[in-house]
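One chain, subunit A, appears in both complexes that follow, with subunit B as partner in the first and subunit C in the second.
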Partner chain A sequence: MKLALLILEDERPVREALRRDLASFARHVRIEEAEDVPTALEVIEEIDTAGDRLALVMVDHRLPGTSGVDFLIGLADDDRTAAARKVLVTGQADQEDTIRAINEAGLDRYVAKPWQADALCDMVRDQLTAFVVAAGVDPLPHLAVLDAERALSIVRERGDL
Partner chain B sequence: MSTPTTRARVSLPRPTPVQRLGLLLGSIAFLVPLLVEIPGLAPAGHRMLAIFLLAILLWVTEAIPLYATAMLVILLQVLMLSDQALFGGVGPLTSAASYFAALANPVIILFLGGFLIADGAHKFGLDRNLAAVMLRPFAGNARTSVLGLMAITALLSMFVSNTATAATMFAVVIPILAALPAGPARTGVALAIPVAANVGGIGTPVGSPPNAIALGALEASGQGVSFIGWMLLAVPLMLVVLLFAWWFLTRRYIAADTPLTLQLSADFDRSPAAILFYLIAGATVLLWLTEPFHGISSSTVGFLPVVALLATQVMGADDIRRLQWPVLWLVAGGIALGAGIGNSGLDAWLVGLVAWDALPLTLLLFLLVGVSLGLSTVISNSATANLLVPLALSLAIGLPIDPTAVGVMVALACALAMALPISTPPNAVAYATGEVQTREMVVSGIVIGGFGALLLALVMPTVWGALGLL
Partner chain C sequence: MTEMGHRMGEDGRGRGHRMDDLFVLVVAPEPLAATIAEETARGLIGIADVACAADVVEAAALVTAHPERVVPLVLITAFAESPESTDARIALLDAQAVLSRASVLLLTDRALHDDLSLSVDRDRLHAVMTSPWSPGILAWHARAQTVRWLSSHRPADPRTRALVAADGRPVTQPESDLLRLLELDTHEVTTQLLAGIERVLGPRPRLLLPAGTRLIHEGIDVDAVLVVLRGRVALDHASAAGDLRLHHDSTGSVVGLLSLAQQQRAFFTARATTEVEVVHLSFEQLDRALAVEASLGAAMAAVSIRALAKRLRRADQLQVEKTQLNHALERERRQLSEALHQLEQARLDLVEQARYATLGEMAAGIAHELNNPVAAMLRATTYVGEDLERVLASHPQGRLASEIFAAERDRAPRSTREERAARRRLEAALGDVGLAQRLFDAGIEDPDRARTLAADPPSLDLVEAVAGIGSAVRNLELASRRMCELVTSLRAYARPKGEPVAGIDLHAGLEDTLRLMAHRLRDVEIERNYGDLPRIRCHPGELEQLWTNLLVNACDALGEGADGRGRIALITDAPDAAHVRVQIRDNGRGIDPQVLPRVFEPRFTTKQGAVRYGLGLGLAIARRIVDAHGGKIELNSRPGCTRVTVTLPVAGPPDEEDIET
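Up next is the complex of A and B:
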C-alpha cells in the first residue's frame, strides 16, 4: 500500500512546479495530477482500486466547472477520502470560499501562491504524518516521508508483540 | 454548522495465502487429536494436544492476531479442559477461573508495573534526558559514539519494551544519521540500535515478554526466580554479546577516524509530578534489585508503582488505557497454555516421544537454543516463547539440568533472533529508516545472534553452575 498525493490544478505549469518541488517525495509517495474535478474523481477511483490510500489532496480553488472548495467538501463526505488531508493551494479564493473550505470541508492548510519550496515540503511531510497518525496506518513503510519523531511515537505504543 | 459524527470505518484485512493456510491446517490439526485415539495419551491430553497444535499454527502463520490466538487458547481451555467444559468424561478438571486467572498472574502484575514506569519515563522525557546525559562522554568519534548509543539503548531496553526503546533511540538518532556520510557508517549506526534493544531486553524480567513467559512457567512449577536472580543469569551474557556486537559492527561498517558528535541537550522535567515519578520509579527499581534483603517478591514490588502513580495522580486513567494490553494478553495466553500442558499430562507424553536421555545434554541444549533462535527469527519472540517454554520445561523433567536454566535459555535465545526485518519490531524500525539493506541485517544478525546462541548453549550453563546461581 502506498500513500497517494493528488494535485488538482488546471494550469499545467503550476502542476509541474508543484511536482518538481515535491520530487523528493516521489520515490515513496504515489503522486497523481488532475486538471479538473471529473479527472480527479477518476484518479481517486484508481488509487482506491489499486489498494493505495489517498493521504493528501492539494487543490486550486479556481477550476473550470466545479470549484476546488466544492470538490473538497465532496471529499469530506466520501468514506474513502474523508481521512485525506486537505490543502488549498491558491491565490484567488475569496474570504467566503475560504470560510466554507474550513467549516464544511475541514480544510487542513492554506498555501498561498507563490509558495516556497522548502516550506511546501515541510507542510507535505507534516500533513502526511498527520494522515498516518489519524488513519491508523502503519507508519514504518512510509517513514522516509514522515516526521520521524511523530511516526515513531505510534510505533512505541505497540510493545513487543 | 456542526461537525457530523463520523462512524469509524473498519475494513477487514484480506487474509494472505499463508494466513489461509494457517486457518486450514490449524483447523485440521485441531480436529485430528479429537478424532484419533493416540496410545499413551490421557483423554485430557488429547484435548490439550488439539489446542496446542492449533496455537502453533495460528502463532506461526499469524492467521489471526497473536493476542487473539492467546485469548482463543484460554477460551478453548475453559470450554474443553475446565469444570465448565462442554463435554466431560476426561476425569477431574481444574476450574475455569484458574485459566482466566492467567491475566492476573503475578508475572502480568510485574509487567503492569514495568509498563507504567516505562510509559512514565517517556511521558516525563526521562528516557531522552538519560540518553543525552549518558551519551556525553562518548562524543567525538563515531566508534565510541556507537558504543555509547548501544549502552544507553541496552540500559533503557532492560526496563522499557524493546520496541519503545528502538523508537525512542531512532527518534534521537535519525537527525544524527544525516550528519554521517551516506553508506556503511549510517548502516552501522542504524544496526547498532536494534541489536542493543533486542539484546538489552534480556537484562531484567521486565525487559521483554519472553522473560515474563519463562518466569511465569518457572513460578508455576515452583522454580521462581527473583528480579536480581534473573539479572545475574542474563546480564553477563547481555554484556558480552553487546561488546561483541559493538566490535563487529564498528569494524565492519565504521572507519576508525569517522567523526561524529552527538550533542543532545538534557532538559529534565522538574515539575512536582515529574519529581514524584522519579522517586516512585527509583524506589521500585531499588526494591527490585534488593529482593534478597527484604524478601518482597518482584511482582508485589511491581504493583507498588501502579498504585502509587495512580493514587498520586502522576498518571491517570488514560495511562492505564494506553498500556500494551495486547502484550499482556499474549503473555497470559502463554501462561495458560503452559498450565494446560502441565495439567493435562501432555507434557509427559511429549517428552516420552523421544528418548531424550540418550542424547548428550550439550547437544540437547544446543538444539533447544537453535530451535528457539530459528523460530523467533521468523515469528514473534513472545509467540516463540509461548510455544517453546512449556515444551522445554517438560523436557527438563527428565534431564540432569536445572529447569530454571532451560526456561531462561529459551527466553534468552528468543531475544537473540534478529537476522531479518521481521524478526523483531526494533529490526523493522531500523529497516524502515532505509539505511539498512536486508542483506546487512542478515549478516549482522547471523554473526551476532549466532555468537550469542553459541555462548548461551555451550558456555552459560557452566558459568551459571560455577557462579552457584542454579
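Up next is the complex of A and C:
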C-alpha cells in the first residue's frame, strides 16, 4: 500500500512546478495529477482499485466549470476520501469560499501562490504525518516522507503496530 | 279599507297635462285610520285623495292593486303596542317603488324612539308628530308635506304651480318673522332693516365711498357698523404670507356686525372694491334702534345669519379646497421624492462609472510601467533558451542533451488523462514504478530507451536535468507571453493616436485578425458572409484590436458552452453609402441579462477567486475604439446567439476626435 497525493490544477506550468518541488516525495509517495474534476475522480478510483490510500489532496481554487472548494466538499462526503488531508493552493479565494472550505470540507491548510518550495515540502510532510496518525496507518513503510519523531511516537503508544 | 276625499275636477285633466291621481296613504289600525284620514283629507282638498291601510302589508297590497296611483306622502302610526320596529315597517313600505319615493310622516304616542336609526340614516323620515294632536294640525302638516313633495318631484304639475312660487318656495309665507325674512334676498332684508332703523332714528345720510376705501381696520376696535346698500366689499387679513383675501363674494351686507357682536378688534380690514353706498351706524345708534323697534331684532338676526351662513359656506369650501390642495401637495411631494431617489441613483451610477474609469486608467498606467520589464523578460527567456542550446551542444553528450532539451521545451500540451495513461504503459514495461516516474518526468516514454537509460545512471541524471531545464524554459516563455498579452490589452486602454489612413479594406483587416488568432480559433467553425464594402478611412491597427477583442469575447463565450461545435459568423454589409457594418455572431452560451447593460463598462470581475479582465475590459476597449471612429457598437444576446454589430462611417473618425483616455 502506498500513500497517494493528488494535485488538482488546471494550468500545466503550475502542475509541473508543484511536481518538481515535490520530486523528493515521488520515490515513496504516489503522486497523481489531474487538470479537472472528472479526471481527479478517475484518479481517485484508480488509487482505490490499486489498494493505495489517498492521503493528501492539493486543489487549486479556480477550476474550469467548478471551484476547488466544491470539489473538496464532495471529497468530505465520500468514505474513501473523507480522511484525506485537504489543502487549497490558490492565488485568490475570497473569504466566503474559504470559510465554506473550512466549515464544510474540513480544510486543513491554505497555501497561497506563489509558494516557497521548502515550506511546501514541510507542509506536505506535516500533512502526510497527520494523515497517518489520524487514519491509524502503520507509519513504518512511509517513514521517509513523514515527520519521523511524531510518526514513531504512535508506534510506541500502540502495541499492535 | 276606506277611500275619502275629493277628486280633482274635470277641468284639471282637460288641459292635457299629465295629471296622475295623487293619494296620501294612511297606515294605521281602524278606527284610528278613519279619524286620521278624515282630518288629513281636509288639508288636501284640491290636491290629493286619501287612502287607508291597516298595516304595511295591506299598504303594499293596495299600491300593487292600483299601480296608476302616485303617493306623495305616507302617514304611519307607531304606537307602543306595535310588535315590529318602526324601521322595519318603513323598510317594508319602501319595498314598493312608489312608496319609497313618498315622504313619511310618523305619528307616535311614545316619548322615546330607538327604532328609527335606519330611516333617519336613509333620509326616510320627513316629519314626526305626537299623538294625540291639536285639532287641525294634522291637516296642516299633511298639506305642507304634500306641497313640499310636489315642488321637488312634480315641478311641472299644474297643482304644483298653484301652490309653489316660481323660485321654488311655497306660495304660503312662513309665519315667523325670522324665517320669513330669511326667505327674502339679502338686499331686501337689508332694505327692511334700514327702513326700520330710519323709522326710529329718522333718515340716515348715504355715504358714497370710492373703491379702495377701508371701511373697518384690522386690529382696531369696532364701534360702528356700515350697512352696504350698493357696491362690493372685500375682507382682507394680514398674515406672514402677505394680505390674504378671505371674503369677497361672501362679505355680508352689514360690515362690522360680527366684530361688534363679539366686542372685539376687527379681524379683517374691510375694503371697498367698487364704489359703495353705505349708511354709517354707531354702536349707540344701533342699540337705540333695536331697543325702540322690537321687530328690528328679527331683521338683524336674519342679516347676521345670512352673513354667517355665507361665510361658513365659504369656510367649508376653503376646507375642501385645502384638503384637495394637501392631496395635490402630497402627490407632488411623492413625485419629488421619487425624482430625488432617481437622481441619487444616477449619482451612484456616475460614481460607479468614475470608479471603473479610474481603475481602468490605473490599470493602463501600471501596464505602461510593466511593458518594458515584461518585454525584457520575454526576450531574456528566448536568449536563455538559445544560449542554453549552444552550451548543451558543447557537452560531451551534446546530441542527447540537445535532443531532450528541445523535446521537453517544445512538448505539446496533453491532458493529464493521456499523460497518466502513457506513464502506466511505461510502468508496465519497466515493472518499477519509481523508475518509470523518473523517466517519464524526464520525457522518456519509449520502453527500450527507458531501459537503456536506466542502465546508464550518468546519462539518466543528464536527461533528467536537461528535461527540467527544457520544461522550465517552456513555462518561462509561456508565462512571460501571457503577461505580455495582458499588458498589451491593458495598454490598449491608453493607446496613443496616429493619423487615420484612407482606402482601407475592412475585409483584409478581418482576415489578418483571423490569421493571428488561428491558434484560438482552431476548434471553431468560421462562417464568412462578406458583402460589397467601400474602402474606408480609419485607424487600421485600432480596428484589428477591435476585431481581436470581439473575437476573443465570442471565443470565450463558446469555450464554456457545452452544446456542440462552436460557430462564429462574420457578416459585413453597407447599410447606406456613408456607413459599413460588421456583425460578429456566436452560438455560445450568451451573456447574463443582468450583466448585459454593463458589458461596455471597463471593469474587473472577481469570479471564483480570480481577477478577470476579459469581458469587461475587452468590450470597453472595443467601445472606445468604435467611439473614436465616430461609429456605433451594439450587443444583443440570448443563449445560443450573441450578436455584436459595429457600424463605422466610411469617412472615418471625426477630425478632432481624441482617442486618448
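Keep this in mind: the second predicted complex is superposed on the first by the 157 of 161 C-alpha atoms of A that agree within 3 Å, B and C clash if a C-alpha of one lies under 4 Å from a C-alpha of the other, contacts with A are read in each partner's own complex, and residues count from 1 in each chain.
Simple rule for what comes next: contacts are C-beta pairs under 8 Å (C-beta built on N, C-alpha and C of every residue); 3 or more make two chains touch, one makes a residue touch a chain.
Treat the numbers as computed from the prediction; the structure is a model and nothing was measured.
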Task: State whether subunit B and subunit C clash or fit side by side on subunit A once the two structures are superposed.
output: fit
Message: Per the contact definition in the header, classify A:112: touching subunit B only (first), subunit C only (second), both, or neither.
response: neither
Message: Looking at A:67 after the superposition, I want to know if it touches subunit B, subunit C, both of them or none. Which is it: first, second, both, neither?
response: second
Query: So, does A:104 touch the first partner subunit B, the second partner subunit C, both, or neither?
result: first
Query: Of the partners subunit B and subunit C, which touch A:1 in the superposed model: first, second, both, neither?
result: neither
Message: With both complexes superposed on chain A, which partner does A:17 reach: first (subunit B), second (subunit C), both or neither?
response: second
- line: In this superposition, the partner of subunit A with more touched residues, subunit B or subunit C, is C
- prompt: In the superposed arrangement, does A:39 touch subunit B (first), subunit C (second), both or neither?
  reply: second
Minimal inter-chain CA distance - subunit C and subunit B, angstrom: 15
In the complex, subunit A residues that touch subunit B: 79, 82, 103-104, 106, 140-141, 143-144, 148-149, 152-153, 155-161
Subunit A contact footprint on subunit B (complex, rising order): 1, 3, 6, 9, 66-67, 115, 122, 161-164, 166-168, 170-171, 174, 201, 208-209, 322, 324, 326-327, 330, 380-382, 424-425, 428-429, 431-434
- line: Within their complex, subunit C touches subunit A through residues 413, 415-417, 419-420, 433-434, 437-438, 441, 468, 471, 474-475, 478-479, 560, 606, 608-611
Message: Which residues of subunit A touch subunit C once you look at their complex with the stated criterion?
response: 12-13, 15-17, 19-20, 23, 26-27, 30-36, 39, 42-43, 61-65, 67, 90-94, 97
